[in-house]
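Report on the following structure.
Per-chain numbering from 1; labels A, B, C and D assigned in written order.
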Amino acid sequence: MEEGAPESQIEKVMAHLLEKGIKVHRSDGTTRTVLGVIGDASSLDKGLIETFDGVFEVVKVSEPFKLTNRKYKPEGTVVQIDDVRIGGDEVVVMAGPCSAENEQQVYSSAAAVKRAGAKILRGGAFKPRSSPYSFQGLGEAGLRLLRTAANEHNLKLVSEVMDISQIELVEKYVDILQVGARNMQNYTLLRELGRARKPVLLKRGISATIEEWLLSAEYVLAGGNRNVILCERGIRTFESYLRNTLDISAIPVVKKLSHLPIIADPSHGTGRRDKVAPMARAAVAAGADGLLIEVHCDPDKALSDGAQSLFPSQFDQLMAELRTIAPAIGRSICVEPVARRGWAR
Amino acid sequence: MEEGAPESQIEKVMAHLLEKGIKVHRSDGTTRTVLGVIGDASSLDKGLIETFDGVFEVVKVSEPFKLTNRKYKPEGTVVQIDDVRIGGDEVVVMAGPCSAENEQQVYSSAAAVKRAGAKILRGGAFKPRSSPYSFQGLGEAGLRLLRTAANEHNLKLVSEVMDISQIELVEKYVDILQVGARNMQNYTLLRELGRARKPVLLKRGISATIEEWLLSAEYVLAGGNRNVILCERGIRTFESYLRNTLDISAIPVVKKLSHLPIIADPSHGTGRRDKVAPMARAAVAAGADGLLIEVHCDPDKALSDGAQSLFPSQFDQLMAELRTIAPAIGRSICVEPVARRGWAR
Amino acid sequence: MEEGAPESQIEKVMAHLLEKGIKVHRSDGTTRTVLGVIGDASSLDKGLIETFDGVFEVVKVSEPFKLTNRKYKPEGTVVQIDDVRIGGDEVVVMAGPCSAENEQQVYSSAAAVKRAGAKILRGGAFKPRSSPYSFQGLGEAGLRLLRTAANEHNLKLVSEVMDISQIELVEKYVDILQVGARNMQNYTLLRELGRARKPVLLKRGISATIEEWLLSAEYVLAGGNRNVILCERGIRTFESYLRNTLDISAIPVVKKLSHLPIIADPSHGTGRRDKVAPMARAAVAAGADGLLIEVHCDPDKALSDGAQSLFPSQFDQLMAELRTIAPAIGRSICVEPVARRGWAR
Amino acid sequence: MEEGAPESQIEKVMAHLLEKGIKVHRSDGTTRTVLGVIGDASSLDKGLIETFDGVFEVVKVSEPFKLTNRKYKPEGTVVQIDDVRIGGDEVVVMAGPCSAENEQQVYSSAAAVKRAGAKILRGGAFKPRSSPYSFQGLGEAGLRLLRTAANEHNLKLVSEVMDISQIELVEKYVDILQVGARNMQNYTLLRELGRARKPVLLKRGISATIEEWLLSAEYVLAGGNRNVILCERGIRTFESYLRNTLDISAIPVVKKLSHLPIIADPSHGTGRRDKVAPMARAAVAAGADGLLIEVHCDPDKALSDGAQSLFPSQFDQLMAELRTIAPAIGRSICVEPVARRGWAR
């Protein structure tokens, strides 16, 4: 309460709390009274109580997310898909083209990322585009191409689902269902994914606080799906030289607040090919459990996001750099796959 | 191109453009060559071309939105629902509770806003909430209450639709379909609303640029629905004293760029009851075509957004102030309704 | 403290507080212990205590600014210069060119703003420019021109001081010493202005929170100079259509937190001439005590800020609009001066 | 120009340019005319020309900074102080307490950072504090302590200068003059530092764009001092979990745009001790030329910034991690100094 708040104002607040079924612990100091709320405060509206006369401030003393909280599960979640473990000792790299465009492009991109050591193929079939006049993706045909290419190279597959109407279809093809940044607060979608049987990769909204992001993950966990991977992909700030500002510090922050694995997407996080490698290295050095990187067999011809897609040779070099960095923080990165030996580059 | 870019680099860019079917106009200056693109550039990827060697910068010389552009329709759109005209001389006020909670609350709130001069009743039945543990709305029962109350007081009705699966239901009850800030880039939803027969009120995303906002409107217009009302509702900035920063300057900016009407929501834009009136007055003074304001018959008991809901008497006073301001910019605001005379307050 | 924090952790925090000479009030709840600090906590480091084991959060329950606080002086400060009162019933308009350029420009701009009803002439002699290659102002010669023009038209004068070395000089010529946005946290300068005999107009830094702004004002007040006028001039956000986002909501927020008068600068707040009038109207409608507006006799020839300077005829029209708006909130704006009658325009 | 802009509008713009002494290259397309400016455009006001009728947009096709530009000096600047080279192969670490507090604290902190491999001692004697009631530094006494400690351990010294009046004094004691974030646009100070004989460490302003930052460096270089080290120290964004968002991506961006060395300050960039190590590793992985880190012999007793100061043992471990990361990008980090062997920890 404010200094010198009269008894009538204190009583009005206490009455409001009691009416909501909340026990109150009153503590009268020399200049100020503090009212402590005991038990479940989820029915209270912090902002509303702050409008009451005599209230100085309402302070939450526990995080609003529960199942997502590291306190709930201190040891950390490992999302496992067969032998690929996200959140374990190994840093897992997901790579591939922005969108599936055609057979040749999907197949050669998949071959390239496998060869360099990626474990999971990424690629879009349904694309959220800010303009209605841009390429919107191949739909199911794209999913089919991606699945075939992933199978051929023993890769897992992650692809985006934009709407509840697409879940059933996308789930048939992929190993991980991706929720894009623009849908991070599409609660209908999140609630439905809580019932899905596949893990969910949840990108951070472009202006979402870390708390809001974890609350969105909470929707999925509360629905029964405990396999959520968080993905930092850049936030919007005043700095406009790059498309977004990849918030590397979100990695150690999330690691402390939540038990869920967190990866980074330096491709969308920067929007520029020559900035992808430095930011990928930074993310791993900061403790990321994995990376999501756009690699295209011929970026200059890409139908979307060509500017931020790596050439296969750039991706090879990046993977080599990451293998040096990972041990600095007690992590490993996929050793070079056996298959590679026999291949000509 | 960069200063001194060699001919081979210039030719590579020209070849790329020609391959995309684009005519190029080359202009060689003393220090620098400029390549002008003629015709439809929507298939070009600005960022990609900037990665080409020797390219200094790619500049768009036309806005990416078309149907939404004021150049396309200089006279300005008026969205008309019977005798209510949004975008005309009159400033139209939409008011009511955040969510429909029960019969008594909806009816008395509707009576209060009508009495003060509102033309449209607002109220939510499906609520997007950042926590899965918060009140999520009454659903169809809420829509039924709102419609009944609106009819009784000769008010039009606006309510939110969160997902394509809700469109058919919500459209049966309301006069205006509201798209919330979190769904501003839910393209599946926008595309479907392009086929709706009712006007759409499109809120600005919390971190959407004005260009992105107009591109989202473009999705609806391109689908065939030309009745879109834009609503500024606060953006996210570093300043955290209030929940959001209501971007009043967006009003004159949108007025210049687009022919669509624009209103402001000072309730969500501030999150605090005592800041609603100053910001509502500011929005009208800056040229807004209308306002969306939360008014609750008993804000201290509201299930959501009580902190930002006006008491009916505060709303009365605000409407009186607005009637003084509107003429300063050649607008009017609803004269006091005849019905009021006989009512006791 | 965290839930379940052991006694040893609680005691370590209490020991730290006692060592700083702070009395502690301990309150043990069923799940959590709260330690209340009594008395002057200005020697405590909130962030440091949060690093102690077992500490959940440290919450300040009073604002860090004191002399600036409305609680300290509930009635509101009026800064008075002869018969001009800033913070009273009248909305005071300060107008003139960005920089003093030459005699003709200063004199005719001063005549134009006086004619339209401005009370104070603005104009820069020392200009902070982001590039070392831009026009940096006329220095003392500029101040002399401005003072002469102000005297001739019975206007007060406000001009910027960039550094402590300029204070003595600038103070000889002006009635109000302006601190620019870039210098809002130049504490050496603020401390020195605390000893000045002239009022200080303190612009908000481009990314300063309202709390930081009031703390900067506190430096001046703590030095003994109680005549501070705050000026909102736009903050930096992700939206880049205009140069800045004029934070109109800062006006009612500051009015509540502090007793100091607050004015708005829609010229720097927008950077575009055609947006100045809507935002000036909005600021007055939101409760601003005054405006700072760039008016130039020939903006197309201005050496700086021509893009945001009004033509005299635009300023005349704006003043007429403001005279209609002010009464809506119980304010007046200067009546047309007698002198005008005899003048040809 | 706009599509269809009439000849009269085009001519008005051309006349304006010619009046400014600028040569114009006119190019008439099928739908649009482009006017190209040839030569030095620094006297032009982009915003002003955009207000002219018929002008669509004014685009700068060269960066506004010159001496700072990598194009001006492609090979990269190495700032050398005796045998310490900033901008070379080695990653240089500057470490020490936030402020000099007393002899014991300065000496033992200096010993600790030297032992772990730092080359430069940091420490403040003049502190910019947002509140006038906080500890403001020891002044010259602090500088004397820092210099003595640096000499004893064969460390170089960096310390902040807040105002032109302090330059002469600070320059007597330090090897590098630091300009704090709040002073990044204090042009009087920058201009004077252009005449200093010691290198300048220029921190990025909390909301400065990269272009503005480089323009501030330009002030120093234009004054004749070519030894500028840039320091990224966190920007202000909507995310408030940490005090700032350390913009790691600024490192590769600056590396491309400018030849000046760039270091990172993860202490101010995060404000939290447990986030310093991950972000320090990230900065090195992204290509930083050095680090500025707060280390205190007893952080819990620090008079300022204790929350973000590392314990000496944490700094030891961080240095070991950095030695693993640096080679991944072809850099080294100081080998463990001989002196260490004989020391007990």
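By definition in this document, contacts are C-beta pairs under 8 Å (C-beta built on N, C-alpha and C of every residue); 3 or more make two chains touch, one makes a residue touch a chain.
Quick caveat, the model's predicted, so the values are computed rather than measured.
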Next on the checklist: More than half of B-D's contact pairs recur, by residue number, in one of A-B, A-D or A-C. Which one?
Outcome noted: A-C
Next on the checklist: Quick check: more C-beta contact pairs at A-C or at C-D?
Outcome noted: C-D
Checklist entry - If you average the CA atoms of subunit C and of subunit D, how far apart do the two points sit, in angstrom? => result 28
Checklist entry - If you average the CA atoms of subunit B and of subunit C, how many Å lie between those two points? => result 31
Next on the checklist: Rounded to a whole Å, what is the gap between the Cα centroids of subunit A and subunit C?
Outcome noted: 40
Checklist outcome for this item: Going by residue number, subunit D touches two or more other chains at 207, 236-238, 240, 274
Item to check | subunit A contact footprint on subunit C (complex, rising order) | outcome: 3, 25, 27, 29-32, 34, 36, 38, 56-57, 59, 61-62, 207, 236-238, 240
Checklist outcome for this item: Listed in rising order, subunit B residues that touch subunit A in their complex are 16, 42, 45, 47-48, 50-52, 64-65, 128-134, 162-165, 182-183, 185-189, 191, 206-207, 212, 215-216, 218-219, 222, 236, 243, 271-274, 299-300, 302, 304-308
Checklist outcome for this item: Within their complex, subunit C touches subunit B through residues 207, 209-211, 235, 237-242, 245-253, 256, 269-270, 274-275, 278-279, 281-287, 321-322, 324-325, 327-329
